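In the part that follows, the structures are each spelled out as structure tokens.
The two complexes that follow have subunit A in common; it is paired with subunit B in the first and with subunit C in the second.
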Partner chain A sequence: MSDKPKDHASKSDRVELSDPLEFPAGLPGFEEHKQFIFESRAEMRPFLWLRSVDDPEMALPIISCLLLKKQVLLHISKEELSLIGSPAEADIAPYYILRVDPKEGTITANTKAPVIINTKSMQGRQVILERDGLVVDEPLKNLVPSGEGA
Partner chain B sequence: MLVLTRKCGESIRVADEIVFTILECAGSQVRVGITAPPQLPIHREEVYLRIREENLAAARGKDTLDVLLKSAPEELRKIGSDSGENPENE
Partner chain C sequence: MRVTNSLIKDQIINFLTANQERLADVQRQISTNKEVAVSSDDPVRFDRASRFKSLLGKNEQYTSNIDDGIAWIVMGAESLDVVYEALQQAKVLALQTRGDAVSSTRAQVVPYVDALIEEMVLMGNSKFMGKYIFGGTITKDTEPFAYDGVSVTYNGNDGSLTRKVGDDTYLEINTTGSEFLNAFGAVIALRDALDADDGAAMDAAIAQIDTVSTQLLNTIARAGSMQRKLELTRDNLEIANVNLQSYISQAEDVDLMEAILQFNAQELGYRAALESSARIMNISILDHLR
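== the complex of A and B ==
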């Protein structure tokens, strides 16, 4: 299996690691995890790992919302943005956390609670959006830019 | 748990900056207004617990990478192969 954390320090298998991201509130379910990194591998693009620095065994698969349908782009309040340093729009990187079901072979995206990053200050948090139509388990195929789905 | 009885229009204050106000009571439903500092996100309990559950499940997948690569919509796999850089590095 190729998703073992032991690989993440290796350069030989083309793993790219970001600078540490500060998550002052952690994530729901992982409140004690305050620092994460993006981990990228050439063979898994456009997916990334959001890996805990505090516990490298813990990682969440994510995808940039900017690669997906425009209509699911985020509606995040100024108050929420103020918690990661009130970034300008160009400095906000939004991601969906993905959940995979190995038995069914399905991938769903949590559009209800995206992760947002201030790329200038490298602060992040998971926001919970109250807007209608957002769910925790949107099939990823419904979000692909072509609109037809898979 | 502290239990307080309030009428419509009455409030409960928590510390200096948090106020719960009973706005409306109708049948089994109560509308509550909450004033709190922005650094204290407020959510319905069941919504927060669902997000928590999803995060735990997302992190638990043992074959996550294999399923991602096999089951990802073709359009996304094309995006992945076309983009040489990571989105966060742009």
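== the complex of A and C ==
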């Protein structure tokens, strides 16, 4: 689309940013960060970044839970949802925070504590789910849907 | 709001643009097998990462404090459960000998009730890691409860014990002996009534046992809620540590980029299958919020 060489593509070709989202409680470990922006880099999809508005150096890699296996779909209490404006199910966008396993060099997802976004009110929160089988370091590979032919 | 949003976005775009070159460096590093360490590349960034690493250590200390506090509470709750059971057994003995029983039967159960009192005292003097659980802040040398065969006295205090679970956060972990001292009084009153073969006094003691049993259940419930608070704090610290590690992954860009590129390469089929939906997802959330 652009006639420039790829390495010199303009910033808007490479990075998309959402409007700021409010995180009234911050994130555990980053409680003082109350506003975040979603960042998408074309070459890194489907990975996204949750970047702090208060301190742009602070960002966490995330991925939409909706792209992953359905068994990990969320069970979030009404109390938790009420903290981000009680969104309807269709208005909840859930994400897993990712990190790199220092030994394996592979990506793991924190399925125990997803970030949920109310896409209507633009509020977000990281919730801690108390369910068996959810762990803070699930290899992302295990969450990739398979054999569905799609 | 629009203006604010675009201002914020501009700032972040500026930040990211400034980082484009660094990003290119990172990609170069990946392709050249990480010839340059991140530390020498960018000392400021490295400092931040190491600061967060020290936070990780601190959180681990708090987590260990919490585990210790929970063990203390659990030990206490188990002892209180035994005290509660002793109260119920004393009541059963009282009811069995209350009705038409002859005096001699009542006298016969006195030693059993005495044994229950001693068991309760033993529980009241429970220790965890060499410290008395129920003595308030008097955790050494003096047993919280003393029983001379006539009455039980409490030699502890009402001081609360806490564990440090955050920079400025302390959570309480103890139940003091004075919170259930009256449990001993109720069973002793029963023992004395049985000994005196006094039916009216037995009735009074049974009523007293019911009252202190209810109080004791509340005390046990309070211990349960202290435990719950600690567990919630521990969960939060665990997630905080995972988030900090995620941040460190991100700050040490090389590893993350490499992992993502590898993932996207290895899961090529997945990625291809998802490319369209990923686009939709990305764009839908981004558009939604734009």
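The criterion applied here is as follows: the second predicted complex is superposed on the first by the 131 of 150 C-alpha atoms of A that agree within 3 Å, B and C clash if a C-alpha of one lies under 4 Å from a C-alpha of the other, contacts with A are read in each partner's own complex, and residues count from 1 in each chain.
Note that a residue touches a chain if its C-beta (ideal position, glycine included) is under 8 Å from a C-beta of that chain, and two chains touch if they have at least 3 such contacts.
Nothing here was measured: the structure is a model prediction, and the numbers come from that model.
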Pick one for A:P28: touches subunit B only (first), subunit C only (second), both, or neither.
-> both
So, does A:L83 touch the first partner subunit B, the second partner subunit C, both, or neither?
-> first
Partner chain in contact with A:S64 - subunit B first, subunit C second, else both or neither | both
Between subunit B (first) and subunit C (second), which does A:P46 come into contact with in this model arrangement: first, second, both, or neither?
-> both
After superposition on the shared chain, which partner residues are touched by A:L17: those of subunit B (first), subunit C (second), both, or neither?
-> second
Should A:P56 be classified as contacting the first partner (subunit B), the second (subunit C), both, or neither?
-> second
Common interface residues of subunit A - those touching subunit B in one complex and subunit C in the other | 16, 18, 27-30, 38, 40, 44-48, 58-61, 64, 66-67, 93, 97-100, 102, 105-107, 110, 112-113, 117, 119, 126, 128, 136-137, 140-141, 144-146, 150
In the complex with subunit A, residue positions of subunit B that touch it = 38-39, 41, 43, 47-48, 50-59, 61-76, 79-81, 83, 86-89
Across the complex, what residues on subunit A touch subunit C?
-> 7, 11, 14-21, 27-30, 35, 37-40, 44-49, 51, 53, 56-61, 64, 66-67, 93, 97-100, 102, 105-107, 110, 112-113, 117, 119, 122, 126, 128, 136-137, 140-141, 144-146, 150
In their shared complex, at which residues does subunit C touch subunit A?
-> 5, 8-9, 11-13, 15-17, 20, 24, 45, 48, 55, 59, 235-251, 255-256, 258-260, 262-264, 266-267, 270-271, 273-275, 277-279, 281-283, 285-286, 288-290
Any idea which subunit A residues touch subunit B in the complex?
-> 1-3, 16, 18, 27-30, 38, 40, 43-48, 58-61, 63-64, 66-67, 79-80, 82-83, 93, 97-102, 105-107, 110, 112-113, 117, 119, 126-128, 136-137, 140-141, 144-146, 149-150
